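Note that the chains are named A, B, C, D, E and F in the order they appear, and that numbering of residues resets to 1 at the start of each chain.
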Amino acid sequence: MQSEESRYDRGLDSMRAIFGPGIESALKGLAATSPDLVRCLVEFPFGDIYPRPGLDLKTRELLTVAALTVLGYPQGELKDHVRGALNVGCTPDQILEVILQMAVYAGFPAALEAVKTAASVFGGRSSPE
Amino acid sequence: MQSEESRYDRGLDSMRAIFGPGIESALKGLAATSPDLVRCLVEFPFGDIYPRPGLDLKTRELLTVAALTVLGYPQGELKDHVRGALNVGCTPDQILEVILQMAVYAGFPAALEAVKTAASVFGGRSSPE
Amino acid sequence: MQSEESRYDRGLDSMRAIFGPGIESALKGLAATSPDLVRCLVEFPFGDIYPRPGLDLKTRELLTVAALTVLGYPQGELKDHVRGALNVGCTPDQILEVILQMAVYAGFPAALEAVKTAASVFGGRSSPE
Amino acid sequence: MQSEESRYDRGLDSMRAIFGPGIESALKGLAATSPDLVRCLVEFPFGDIYPRPGLDLKTRELLTVAALTVLGYPQGELKDHVRGALNVGCTPDQILEVILQMAVYAGFPAALEAVKTAASVFGGRSSPE
Amino acid sequence: MQSEESRYDRGLDSMRAIFGPGIESALKGLAATSPDLVRCLVEFPFGDIYPRPGLDLKTRELLTVAALTVLGYPQGELKDHVRGALNVGCTPDQILEVILQMAVYAGFPAALEAVKTAASVFGGRSSPE
Amino acid sequence: MQSEESRYDRGLDSMRAIFGPGIESALKGLAATSPDLVRCLVEFPFGDIYPRPGLDLKTRELLTVAALTVLGYPQGELKDHVRGALNVGCTPDQILEVILQMAVYAGFPAALEAVKTAASVFGGRSSPE
């Protein structure tokens, strides 16, 4: 039996590990409109799912890059998770490899949109080369 | 047996009730490119479907917010219908509740995109609090 | 601060109210493969979201019918929620009205698939007329 | 100004030309559950859109095969429109060519599902060769 | 047996025919991030699929406009292919007719987004009238 | 510079490694309708993409399970790739973990459909327990 407080705390820890310390002010911005969605987001995906054993954080971030590439429309979330993937130790080449594979499953427009988004992240950091 | 003219007029009435009087100049802008899509839009969704009995306009607008949240990409249309939902008497809390429920059915990226769009509407009006 | 146990219990209560008492054996079947997905399903959508105030259960079920119609592929889940909508007091006409409105937002194939699924539920109960 | 009756009649004519004379009993079956969806389906897509000049019926059917392949889930509708495409004079090779091109835009799973559906139609007719 | 080099060359020829000579610098920009995706894009869709006989280039471009309208999120690719469709001889009216038909299969939001994108292309060229 | 023949051979090798030796007769069945789609499928996804270094085959199969779970409709392909993931050394727990994570990104219906498909594969093999 687990308290809500610990789900939230554990979720915030995961989010800091993935997105960096700036995440708390981003959440605060979102919570001005929907504090309940923020609570659910911190607790369920990042408190319940990401900290589970069975898949390491690098693999989870690559899976999320795949999922967001397939969905296609959430380029803002993809941007955050490309940054997140780099933060947890994935290389730019691994991220691009995931996106390339998604051309097979979701088509070239999905892959092209995702590569442009990844490029915008890589460009603002040290060179992906 | 119903004339085309009355479908168009009834559709325009629905659209004015939902989107406000500014809708006519928006339609005029769109009609410069595709007058036929404008005619179909006014007549079929807003002339045939929205005025039907069986569901009140508030419920219809919440259903549309749900649909657009699930689709994810049409954030421009979602913005219009968040405004529309407010215009026909839905509260910001009801709209946010719909979006939160959609996290279950379409995932968190869908809900996050929709909350940001809703926030941009609420911010330009009186406070949603 | 809320314990996990109460989230699960509350979720099971919601699910019984929506899907009827048969839900527990359905969950048991699913839990043979993935007990964790079952736990998440009971706790998050049905423990956290559905019991929230702000939208009554009838409206929530109509929103879910809308969401599943738009997604198109989860006809099994749609079948369960058409039954669920009837269980919580929605009429067949309201359910059909939601599906008809979705033709506007997700196209006619989405609405046609959903009507066939709804028909298969209505046919196994008293007449939808 | 055009009466509703003529939209319905014109739509039924289009549907007979595309789907063959069996369409009326299929529509009757669907109308037992939702007469309003049937009326909208006959009047809007087939009464308003398909009979428009600007694109011939063969091209329209190929476009519809493309759209249904991309959507992926409505394999029942795809089956009907593969038959429809053959009925209006498209060749099996043209239909397969459309599906192959969709592998580029919607990925290989979409194309594979569509080819299996097309094969089931071709198999029940004279050889697609 | 066909060499890779000829697939690439043939693909580049197709892309020049569709998108105009500016395509090479666009590809160079993308190749700075993902040279492998660029190679796959040139070779598979444009080297293998587009040059196939069975469908002429005008029909292929209309099918692609249909596919991108249905997907909804890749408005950047849609913009390129609206330009491409015009380049290979499709008229603005044919493009708008395709988009209008997609309202039936993917809903009005898909068609509205696509018409706005098409309008932005037509506006930067000679009048679509 | 690489010949077509070697792309096809390399693709067939990848497919045998993932799907087992039965794949060749499955491809033959599909090739009776569309030999060109079969050739593209063998050469591009499995000849070009899967054999690339940068991601091992286990990770690629988990990414594909994620992608197919998100798409939702291609349960036939998902079934093949759940088998494929097991064949290349993924455990049932890893596959279920991927599906569970997708509940976050594509919603619970996507995860529920995928778990049922995975269960049907696990059930026909040694127990996933």
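Annotations
Methods note: contacts are C-beta pairs under 8 Å (C-beta built on N, C-alpha and C of every residue); 3 or more make two chains touch, one makes a residue touch a chain.
These figures come from a predicted structure and were not determined experimentally.
Among the remaining chains, those touching subunit B as well as subunit F are A, C, D, E.
Counting the residue numbers that touch the partner chain, subunit C and subunit D have less than half of them in common.
Chain centres here are means of the Cα atoms, and by that rule the chain farthest away from subunit D is A. Distances between chain centres, each the mean of the C-alpha atoms, put B farthest from subunit F. The greater number of contacting C-beta pairs, out of the two interfaces B-E and A-F, is seen for A-F. Subunit E and subunit F have CA centres that are 29 Å apart.
Mean C-alpha position of subunit B lies 24 Å from that of subunit C. We define each chain's centre as the mean of its Cα atoms; on that basis subunit D and subunit F are separated by 30 Å.
For subunit D, the set of residues that touch two or more other chains comprises 36, 40, 44-45, 49, 52, 68, 71-73, 100, 103-110.
For subunit A in complex with subunit D, the residues that touch the partner chain are 103-110. Of all the residues in subunit C, the ones that touch subunit A in their complex are 1-5, 36, 40, 44, 48-49, 52. The touching residues of subunit A, counted against subunit B in their complex, run 30, 32-34, 36-37, 40-41, 45, 68, 71-74, 76-77.
Residues of subunit E touching subunit D in their complex: 44-45, 49-50, 52, 54-55, 59-60, 62-64, 66-68, 70-71, 93-94, 97-98, 100-106. Per the touch definition, subunit B reaches subunit A in the complex via residues 72-73, 96, 99-100, 103, 107-113, 115-116, 118-119, 122, 128.
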